[in-house]
Amino acid sequence: MNSNGKTVVIGVIGADVHAVGNKIIEHVLTSEGFNVVNVGVMSRQEDFINAAIETNADAILVSSLYGHAELDCQGFREKCNEAGLTNILLYIGGNIVVGKQDFAEVEERFKKMGFNRVYAPGVRIEEGIKDLKKDLGLV
Amino acid sequence: MNSNGKTVVIGVIGADVHAVGNKIIEHVLTSEGFNVVNVGVMSRQEDFINAAIETNADAILVSSLYGHAELDCQGFREKCNEAGLTNILLYIGGNIVVGKQDFAEVEERFKKMGFNRVYAPGVRIEEGIKDLKKDLGLV
Amino acid sequence: MELTNKKLSMDEFLKIREEVLKTWPTGEQVRDLEANIRYALSVPKNKNFALRLKKAKHDQQVLTQPRAGVALVQDLIDLLRYLAEEGEADLLPVTIDSYTRQNRYENCELGIEESRRLGRSMLNGFPVVNHGVYAARLVQESLDLPVQARHGTPDARLMSEIIHAAGWTSNEGGGISYNVPYSKDVPLDKSIKDWQYCDRLAAIYEENGIPINREPFGPLTGTLVPPSMSNAVAIIEALLAAEQGVKHITVGYGQCGNQIQDIAAIKALEQQTEEYLSKFGYDDVIVTTVFHQWMGGFPKDEAKAYGAIANASVTAALAKVTKVIVKTPHEAIGIPTKEANANGLKCTKMVLNLLADQKTYMSKKLKEQMTIIKEETDCILNKVFEVGNGDLAIGVVESFKRGILDIPFAPSRYNANKILPARDTYGAVRYLEFGNVPLSEELKAYNRYMLEKRGIIEKRPVDFRMTVDDIFAISEGRLVGRPSNFRK
Amino acid sequence: MELTNKKLSMDEFLKIREEVLKTWPTGEQVRDLEANIRYALSVPKNKNFALRLKKAKHDQQVLTQPRAGVALVQDLIDLLRYLAEEGEADLLPVTIDSYTRQNRYENCELGIEESRRLGRSMLNGFPVVNHGVYAARLVQESLDLPVQARHGTPDARLMSEIIHAAGWTSNEGGGISYNVPYSKDVPLDKSIKDWQYCDRLAAIYEENGIPINREPFGPLTGTLVPPSMSNAVAIIEALLAAEQGVKHITVGYGQCGNQIQDIAAIKALEQQTEEYLSKFGYDDVIVTTVFHQWMGGFPKDEAKAYGAIANASVTAALAKVTKVIVKTPHEAIGIPTKEANANGLKCTKMVLNLLADQKTYMSKKLKEQMTIIKEETDCILNKVFEVGNGDLAIGVVESFKRGILDIPFAPSRYNANKILPARDTYGAVRYLEFGNVPLSEELKAYNRYMLEKRGIIEKRPVDFRMTVDDIFAISEGRLVGRPSNFRK
């Protein structure tokens, strides 16, 4: 697959071990031409941020399936800023809160935390890639 | 079974052919000691009323399963009154309206039409018999 | 005209037709049969019910079909579109209201008016005769799927004229199955004759290049009908229809609840229908099958209703029937909302898809049950032919009189009401009282043996109490109505 | 201490115990083992998990059990009571949150606080270690049904101390099944040792008159795990537990979706577990079975989710497992509300009741699939013993290193990740890439043949694309992930 020149860090945050989606996301992003850095499951905020600094990444795609993202993501944007990643795109998707909640509210909560895009349960990575290409000026 | 001295007319009103409940109701009422007059399925208001006059019945238990009871029962109480059955108990049960509706409203509608008791879908005849015994002073 | 199982001549047909069209003003709209046929020919082939079933059978696909009908035209169209889109239905019905089924068209007028006035459907179906052929065409033209009339009408002659003239390519019913479970005083010779007319009408369209599907109503009263009894009726109606020239027949069966018995019953039904048709020389009939999800009292709880729906869908999928008639989570309460109806369809579709590439494999038990059902059915059918002196139509009338054919819990006064069914300890429906149903001594002994086994396990006599308990069982969340003190 | 499959001596056990109880302040509460046992002895027998399962197995009854856990004590009690009453659950779980599973008790503190502050559970389960033994007893005392801890904890030693001291009579997990699918960097020798401790602890209670049930987690990653791989793991964990003295073991299996394969897998699992146990001299172990409704990606639509739930329940009922772990209509979205959880239970219960008196009958196909699974499992297990030089614990560590045991899609870096599964055209899960899984040539050929058949039907190569399509299939409403241009 031709590289599109953009680098994306992916991974699953917190104590979350849901590995299947993560493997699929790596597969799809790669075949779409992204340079993918996968920090894998059970990753800390620092793991994402360090990988992004090292690879000069354009975006971080956080997955969280198990429901603790609200706890696990506290202060993520601030840490990015401190690390100098002031312009990096932050996306999050999966099953990011505990239980079935009104998604508009959930989205707002995560946007306040500094995420650029927030995805509802079961939204497939293909959707995210469309937005990513837009946000990165690839289309 | 010992007779309890009370006579009840039962049947299924209108173009309704649901026969199973009707047979069960006859069976249960009889074994509870009632004298049961069953006008059967597809019965007109007149069939119920004539049977009640002939047998000097204490109550009429109308079944309607198929949803047309609101149409089929228009003027039932008035016809009873005209026929001199001014004190007869009128009960109705089954699936008496079309579709899932708020039962409190449905009950009110049928009470306005002159029914003494109105039963929600799936309420078994045993419930009705309890009330009947109360209303007829058998307990 | 004497009743006999012979194809109506065009003369006879047209003479009756004269009378039929006069029974309600909208009959006038369909007087020109050739014009009706021309219109029907213009309906796109992908909306042809008969062809869709044929393809599904070939592809071993199981199709879904809801029940649905409301009083007013636009509401009906909206409802059916919703069921096609949101519910992913493969085939569409128009369920006809109960007044129309009894030819009480005046009552329908009132129902239509009241529905308009109150803004909700006061009828339990679509009064197609009152609305007439133009409305019926509008319905058909507004939909992208094949449409069938589903009702319960002993005399459906005018209705059939209207629906076929409107391009509806399937009609449910039959002289027995739409009489005995659906009416009180209609003589069988009358309903059989009237359905010969409906069959002949379907065949006329067929002969003019429009395949028409006919579907005997399999479940009858939906209440503990022993498989051999409903299969016998379905086969009889298939034969009667074939004699009139019908070429596309869907024989049906209502779930009894024991999976092995149900699968055996469907397989037996399909095989015996084909055998009997070919035995009587009707060789070019395409036989498909329909499975009705549990037709008796349903659980009120919606989650439990889903369980009943999906469990039935598993049986349908494993038996590889051609289509399933779908229940909804509102079944115990009333006519479903469109959402509840779509939910029943989606739940069913999910199960069918999960099992699309799977089937039942033959076991000793399945073979045994198929044999029992086939032998019982043969016993009944042989006797029907015998008492009709070879004429099936006459045989049917005579058989009901004598209780050779006898449908449990039927409202009709022409039904003997002498048999009593009950479940055996595995949940299979057996004959408890045989009435005059002419089973061989061996088969009777088998039925008795299976029920005695239950009696011993439940420590109680084999009698009507079992039947009553079985009637309530599923709505109370079990298949077999065990006594309250029962512990395995 | 070297890893070996030998019963821990009381000395060893108590030495480890010293350390374990120090890992979090609540450990102090359970220091007095005899007092714990006395308390556990006081729990009414009808709330004993092991005995309830034994009775169900004897009665051929299939029990239901939900998943459920929230951050705060009273909320948990309310939730579980609701599931018992409204959901008619037969057995209760306490699902433990993910921080506790990783022994991150500080995170739990924050989660508990935030849950209090926001008035909703911020944790995906109940942090039992933080709440401590008195809270855990309160939970148990507030309920009338047996309670089990369900989690996914590689090192569950402290948790196990607390739950058994609280009178919870069952513990899910095992050194493989609660490590490889549930963690990233925990070495297998560590998790096996830690679970030997949990098993020994359970056995100490057992030896003191309190039957304790242990349940290896059957489904592993829940994603296309070939039955022989998960069965091999379950049998290994049963043997490891039995060596420590555990007497009540429930081996589990997660639905793959092909009904025949699933039934074959459960029957094979039950039989082979008993065979291996008795082969190694563990004769007095009571083996029961658990079936997990579909553990992979679920459909978002609730009606479809009900379809998936009920379809799984049919398999459970026909296979006559001892219990079913129930999914809910919210599965694809998030932790279910109590209502959705009860609905999943009721739907399941309905199906189980409808099929309570029915079972699967042996067919050629079922026998064939059982043979395949058993032979595959034997191939794997023989090799595990071989590379461990007869020591099962060592064999497991070595086998993961070499990819003899290899769990698809597992997050653990100690997993080889070399095998690749895919469905055959009937939906049965087969090995696409064998990695180092030591199947005989004949069995490999069988797997290849079955997948090639699918390739031909779908007109595409047999490769990773199939696996990916299969992963999404059920959440998109099919079992087999057919290519988009696929028409049968």
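As written, the chains take the letters A, B, C and D, and residue 1 is the first residue of each chain.
We take it that a residue touches a chain if its C-beta (ideal position, glycine included) is under 8 Å from a C-beta of that chain, and two chains touch if they have at least 3 such contacts.
The structure presented is a predicted model; accordingly, all values stated were derived computationally and were not measured.
J.: Show me the overlap between the contact partners of chain A and those of chain B.
T.: none
J.: Where the CA atoms of chain B average out and where those of chain D average out, how many Å apart are those spots?
T.: Centres of chain B and chain D (C-alpha means) sit 54 Å apart.
J.: Just curious, how far off is chain C from chain B if you go by their C-alpha centres, in Å?
T.: Centres of chain B and chain C (C-alpha means) sit 30 Å apart.
J.: Give the residues of chain C touching no fewer than two other chains, as numbers and ranges.
T.: none
J.: By the touch rule stated above, which residues of chain A touch at least two different other chains?
T.: In chain A, no residue touches at least two other chains, as defined above.
J.: Report the topology of the inter-chain touch graph, choosing from line, ring, star, complete and other.
T.: line
J.: Got a list of which chains touch which?
T.: In this structure, the chains touch in these pairs: A-D, B-C, C-D.
J.: What residues on chain D touch chain A, complex-wise?
T.: 98-99, 101-102, 104, 107, 110-111, 114, 120-124, 152, 181-184, 221, 223, 296-297, 300, 330, 332-337, 340, 409-411, 468, 471-472, 475
J.: Could you pull out which chain C residues touch chain D in their complex?
T.: Result: residues 59-61, 257-260, 299, 301-311, 313-314, 318, 342-351, 353-358, 361-366, 425-427, 474, 477-480, 488 of chain C touch chain D.
J.: Which stretch or stretches of chain A touch chain D in the complex?
T.: Those residues of chain A that touch chain D are 14-17, 19-20, 23-24, 27, 40-42, 66-68, 70-71, 95, 97-101, 121-122, 124.
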